[in-house]
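Structures follow.
Shared chain: subunit A. Partners: subunit B in the first complex, subunit C in the second.
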Partner chain A sequence: MLEDILSGIFSAGTFNQMLRSATPVALAALGGAMTEHAGIMNIGMDGMILMGAFFGVLGSWYFGSAAAGVALVLVMGVIVGLFFALFTVKFRSDEFIIGTALNTFALGLTSFLSRSIFGTAGTKGNPALPTVHLPFLDAIPFLGRVLNDNSLFIYVTWALVLVMWLFVYRTPYGLWLRASGEKPETLRTAGIAPERMKWLASILCGLLCGLAGAHLSLGQLQGTFAEDMANSRGYIAFACVIFSKADPAMAYVAALMFGFFDAIGLRLQDYISSDLTNTIPYVITIVMMVYVVVRSQRKKRHAGKRLPQRQT
Partner chain B sequence: MDKLKKLNWGYLGSLAVSVLLAFAIGAAILAVAGFDPLRAYAAMAEGAFSSARHIGDLLEYAMVLCLTGLACVLGSRVGIFNVGGEGQLLLGAVVSCQVGVWLGSFSPWIALPAAALAAMAVGGLYALIPGFLKVKVKVNEVITTIMLNTIAASLCQYLAKGPWKNPNKNMVAATAQLDPRLWFKSLIPGSNLSTAILAAAVITVLTWYVMEKTSKGYEMRLTGQNPRFAFFSGIKTDRLVIGCMVISGAMCGLVGMFRVYGVEHLYRSSVSNQYYFEGLTVAMIAGYQPVTVIFLSFFFAILKTGAQGMELTAGVPNQIYLIIQTVIIFCMAAESGVFSSLRAGAQRRKAQEDIRRKEGRDHA
Partner chain C sequence: MEQTAVRFEHVSMAFPGVLANDDVSLEIKKGEVFALVGENGAGKSTLMNILYGILTPTDGRVYINGSPVDRFAPRAAIARGVGMVHQHFMLVPSFTVAENIVLSREPRKGRIFFDSAAARRETEALSAEYGLAVDPSAVVGDLSVGLQQRVEILKALHRGAEILILDEPTAVLTPQETEELFAVIRRIVGQRHMTVIIITHKLYEVMAISDRVGVMRKGQLVGVRDTADVDEKLLASMMVGRPMLYDELEKTGTPGKELLRVEDLKVRDSRGLAAVRGVSLSVRAGEVLGIAAVEGNGQSELIEAITGMIRPESGKVFLLDRDVTGQDPGAIRAVGLAHVPEDRLATGVSAQATVADNLLAGRQREKRFTRFGFHRRMSTVERYASQLYERFDIRGAGTQAPAGSMSGGNMQKVVIAREFSFDAPVLIVAQPTRGVDVGAIEFIHSQIIAKRNQGCAILLCSADLDEVFRLSDRIVTLYEGRITGEFSGTFSKDEIGWHMTGGGKREEAG
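On to the complex of A and B.
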C-alpha cells in the first residue's frame, strides 16, 4: 500500500503535474516580484489573474483564435497595470484596500460579463493554446516525459524567468526598479523619478498576471472559463514572492514547490477525500510564510530587544 | 469636536459623489453589456422593496454585512486585517450545526447556547492562528488568513460530505437538518429574517460601545495608530491584538450560526457566498468607522437584494452589485487622491511663486 503510494508520487506524471500547477503561480509571481521590488504591496494579483483568464477566453471566442485571446490579455494587462498604478502610485491610496477591491471588482466584472455574454457562469471548448512536442526530449527516459508535450506557456515561462531575472539584476532599469522600492530618494537624487519605475513595475505585473490567467484558461484548461477560477493563486504567488525575496529565479522554484504539493494532493485523492488533499498546497503556503519570517528574524536576532512594530 | 464634524461632512460628500459616480459607471457597463440601464435600475429599486419577503431578506442581509463589517473593523482598529472571516464563518456554521444535531433532543435553552458557544469558540480559535502568527512571529496576516479561508472551505466540504453528512442520500454535501424546535423563529414568513437579528442588534451595540466609549476602545485605537507608542504607554499590545482577532473570529463564527439556525437549518456551502468579503468591503467604504458600517450595511443590503430582484425580473446578472460596490471604493480613493495631488500642486505653485517673488525682490 505505502509502496503504491510512493511509486505513484515519484512518477513522471507527478512531476509533470507539478510543472502544470506551478506555471500560473510562477507567471503571477514574476509579476509580483516586479511590484515587490518597486515597494508596492500587491495583493491584487488574484484579480489580475482572473481578468487575464476571462479576457483570454473572450478574445479566443470572439476572434476564433487563441493568439487573439492572448493579444487581448496583453492589452488588458497593460490597462489593469495602469489602473493599479494610478491608485497605488499616483493617488497614494492604501495598497491593501485597492488590492482587495481590485480582486472583488475582477470577480464581479468577469462573472457579470460571463453571464451577459455566454449566458452562463462559464464557457468551455474555445480555441486553446497548442501543446508543444519537442522530439529531442523523447530520447531522455524520465525527464523527457516530464518536460515534453506541455502547453506552450510552460516553455514561455522558462524564457520569461530568465528574461525577468536579467532585467532585474543585469540592466540599469532593474537597478532603478530595485532602488525605487528600497531607496526612492537616492534614486530621485540620481535624476530618475521613482514613480516612473513604479508605474513600469505595475504594468509589467499586469502583463505577467494576465499571462498567468491566459495560461490557466487557454492553456491548462483548453479554452475554459469558470467563475473565480483564479482560486487564490494570486495570494499563493504573493507568498512565493515573499519567499523568494522577489528574485525571479527563486520565485519560480517556490512556485515549483507549490506545484509539487498540489500534484501530491492530486495523487493522494485515490486514498483520501479530495476535499482534504485540496488543502495541502495552502497549508504548505502558510508553513512557507512562517519559515521565511523565522529565517529572516534569526539573522537579525542580535538587533536588540524586540519591539512591537508593523511588519512589511 | 468641531473638527470631527467637519471631517464627517467631507466624508459624506465624498461618499455621495462616489455612489453617484459608481451608479453612472455601472450604467455604462450595463449599456455595454446590452442592457437598458434605466430599466435595470428601476427593477433594482423595485426588487428591494416590492414585498414584505424581500424586506425581510434585506434586513437579514444587512445583519450579516453589519456583523462581518464590524468584525473587520475590530481587527483593523488594532492594526490587524482579518481577511479570514469567511473561513471562520463557515467553520462556525458547520460546527454549530453539528452541535445542534447532537443536542437535538435537549431543550433549546441548552442546545442554542451550546451551539453559539461552539460557533464562537471555533471561529475564535481559527482566528487565533493568524493572530498568533502575526503578533509572535510577524507573519503577514493577509496571506495566512486567505489561505486559511480556502482550507476552511475544503474542511467544511469534507465534513458535510463525510463524517457529518445528511442521512438522506439525495442531499449531497450537506449536514443533517436541525430539529425545527431549535430554529430561530421567522419574523416575516417566507423571508430569511429571523430572531437572530435581535441578538445581532445587541452584539452591534455592544461592539460599538466597547470601541467608541470605553478605555479599552481607546487603547485599541492607540495600538492601531502607533503600536510603539502604545507599547511604551504600558498597553499590552500583543495581548490586545490577539484578543481583538479572536473576538473578530468569534463574531464571524456566530454569523455562521445565525445563517444556519435562521435560514438554512443545515450546513451547506450556500451558508455563505463570500459574504465576509462583502462585509469587509463595507467596512473599507465606511473608513473602518463602526457607526458608518451600521448605516452602510443597510444601504448595501438594499443594493444586493435589489440586484437579486433585478436578475429575476430584468435578467441582468446580479454581479453588477459587486461592480458598483467596488467602484465606490475606487471613486473614494480617487477623490482623496485627486484632492491631495491638487493640494500638493497648489502648494508647489505657491512655493515657486514665493521663490520668484523673493528673487525679484533680491534683484531690485
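On to the complex of A and C.
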C-alpha cells in the first residue's frame, strides 16, 4: 500500500503534473516580480489571471484560433496593466484596495460577459493551444517523459524566466526598475522618472498574468472557461514573489514547489478525501510565508547586532 | 579673467503659505568654494534645489556658465555640469558602489546589457583620479555614512559635474570624516578648478573651507562676503538679524526642595547589556542638573527609565516624593513630568500629523478640546495651537501643515512648545538643540532658563558640552553607566572632559 503510494508520487506523471500546475503560478509570479521590484504591492494578480483566462477563450471562440485568443490576451494584458498603473502610480491610490477592486471587478466582468456571450457561466471545447512533441527527448528515459508533450506555454515560460531574469539583473533597465522601488528619489535625481519604471512594471505584470490565464484556459484545460477559474493562483503567485524576493528564477522554483505538492495532492486523492488533498497547496503557502517571516526576523536580529557601528 | 559659474537673478520661490526664496540675486564664481549659511528654513536648500532643477522658481532667472536655464529638471542640470550631494543620500542601499555611481548612464555591452565589469573599472579609475578610495563591489547599505557620502561625490563626478552642491555635508559626519571631506573639497577645487557650493549652519566650517560666504535669512540673501573679511560672530549676527553673542543667561532664585530623585538605578539596553550600572542623583526645584557624557554611556537609557519608556532592572525613581519606578509614561507624566526626547523624529513628533495635532498631543482629552468625549472642537484646538505657534516663534507653513514638512529647528520648537506648556514641575530635556540652527538654539536656551527661574527641576542631557556648561547649575559626568564626577560653581572643561572619559576617580553623586 505504502509502496504503491510512493511509486505513484515519484512517477513521471507526478512531475509532469508538477510542471502543468506550476506554470500558471510561475507566469503570474514573473509578473508579480516586476511590480514587486517597482515597489508596488500587487495583490490584483488573481483578477489579472482571470481576465487572461476569459479573454483567451473569448478570442479563441470568436476568431476560431488559439493564437488569436493569445493575441487578444496580450492586448487586454496591456490594458489591465495600464488600468492598474493609472490608479496605483498616477493617482497614488492604496495598492491594497486597487488590487482587491481589480480582483472583484474581474470576477464580476468575466462572469457577466460569459453569461451574456456564451449564455452560461462557462464554455468549453474552443480551439486550444497545441502540445509540443520534441523527438530528441524520447531518448531520455525518465526526464523525457516529464519534459515532453507539454502544452506550448510550459516551454514559453522557461524562456520567459530566463528573459525576465536577464532583464532584472543584467540590464540597465533592471537597475532602474529596482531603484524605482527601493529608492525612487535616487532615480529621479539621476534624471529618470521612477514612475516610468512603475508603469512599465505594471504593464509587464498585466501581460504575464494574462499569459498565465491564457495557459490555464487555452492550454491546461483545452479551451475551457469556468467561473473564478483563477482559483486563488494569483495569491499563491504573490506568495512565490515574496518567498523568492522577486528573483524570477527563484520565483519559478517556488512555483515548482507549489506545483509538486499540488500534483501529490492529485495522486493522493485515490487514497484520501480530495477535500483534504486540495488544502495541500495552501498549507504549503502558509509554510512558505512562515519561512519568510522567520528569515526577515533573523535578518533584523542580525542587523541589530551590527548596528552600533562607531566610526573612528 | 574671472568667470561666473552660476548667476541667480531675482529668483523667488513660493510654496503654499510660505515664500521660501524672496528675490535672491547671487553670483558664484568658477573655481571657488562658496558657503551658503542660514538658519533652518532660511531657504538655502530651496535655492540649491532650483539650481539642480528639482524645483522650478516662481519668478526670476538662473544662468549656468552664462547661459539661461529654460527648463528646470535634474537631467538638464546634470547635462549642464551641476551635481548635488543631498543631505539625505540618494543611493540605493542594495546596489553596489559601482552600480550606484553609474546609475542612469550605465556602460553597456551589446546595446541592451549592463556591463558591470566596465562599471567597476570606471569607478576604480574615477576613485584613483580624485583620490577617493572606495571598493566598487561593496554593497552601499553596508558602508559607513562617511563612505556613502564619498560614493555620492563620485557619482556627481561620474556625471561630469563641474559645479558641485553639498547640502549640509557634515551633519552626519564625525570630526575626522569632516576633515577628510574638506581635504577632498580642497583637492577637487585646487586641481580640477571645480566650483563647490556648500550649505551649512556650522560657522566654523564656513571659516575653515570657504572662499566666500552668502548669508540667508527668511528666504532673502542678506549678504555676501569674502570669508577672510568676516568672523563667526559677524556671520551669526547676520543670520539671526541681531547681534548674538551667547549672552550670559540670567539665572535667578535659589534651589528649593528636591523634586526628582533617582536611587541606584540599573537599566539594561535593548540588547540586554548593562547600560546604567547604579546611578543615583537628585534634582531640586529651580536648578538645572546637566549630564555630561559621550554618546553611548548610558544617558539615553537613564532618561528612558526615568520617563517610563523602558523598565529599569532595579533601583527607584521618585517624582515629587512619589515612587514612580516602572510605571508607564502616561502615569509618570500625570504625576508632574514633561519630557523633550532626544530623537524628535522617532519620539518627539508624529511626522504625518499636523503641527496643531502635535502641539495638542497629551491634552487631546481635556474638556475644552472635546465635546461628548470624542468630538474635537476644531476652533478651540486651532486657537490653542496658534497661540503656541506664535509664542514659541515657530516658522513654517502654519499649524495645519504636517509636522514632518518642517525644518529640524522648527520641529524641535514644536516639541519644546508642547512639553513646556504642560506646566510640569519636572522637565527632562534630552539633546534640545541637536541639528538646530543658532537662532533657535538661543531661543530654546532662554526657554529652558525661564523654566528654571520659575522653579522647575530640570534634568538636561546633551552631547554639546558648551550647552551643558551654559545651562547647568550642577553637572554630573557619566561614563560606562556610572557617575564619575559631580561639579558645581565654575566648571573646568578639562576636568569634566577628563571625568567624562573615565579618567576621574569614581565618585557617588548625591
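Just so it is clear, the second predicted complex is superposed on the first by the 301 of 312 C-alpha atoms of A that agree within 3 Å, B and C clash if a C-alpha of one lies under 4 Å from a C-alpha of the other, contacts with A are read in each partner's own complex, and residues count from 1 in each chain.
We take it that a contact is a pair of C-beta atoms (placed from the backbone, for glycine too) under 8 Å apart; a residue touches a chain by one contact, two chains touch by 3 or more.
All values derive from a computational prediction rather than experimental measurement.
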item: Subunit B versus subunit C as contact partner of A:T35, first or second or both or neither; value: neither
item: First (subunit B), second (subunit C), both or neither touched by A:T224; value: neither
item: Partner chain in contact with A:N126 - subunit B first, subunit C second, else both or neither; value: neither
item: Comparing the two partners subunit B and subunit C, which touches a greater set of residues in subunit A; value: B
item: Overlap of subunit C and subunit B interfaces on subunit A (superposed complexes); value: 308-311
item: Residues on subunit A engaged by subunit C in the complex (per definition of touch); value: 166, 170-172, 174-176, 178-179, 182-183, 185-192, 304-305, 308-312
item: Complex interface listing, subunit C residues touching subunit A; value: 52, 54, 73-75, 78, 84, 86, 90-95, 99-100, 103-104, 106, 108, 112-114, 144-146, 174, 176-177, 270-271, 296
item: Residues of subunit A defined as touching subunit B within the complex; value: 43, 86-87, 90-94, 96-98, 100-102, 104-105, 107-109, 111-113, 115-117, 231-232, 235-236, 238-239, 242, 273, 275-276, 278-279, 282-283, 285-286, 289-290, 293-294, 297, 307-311
item: Subunit A-facing residues of subunit B, complex; value: 29, 33-35, 79, 81, 83, 133-135, 137-140, 142-144, 146-151, 154-155, 157-158, 161-162, 227-228, 230-231, 237-238, 274, 277, 280-281, 284, 316-317, 319-323, 325-327, 329-330, 333-334, 336-338, 340-341
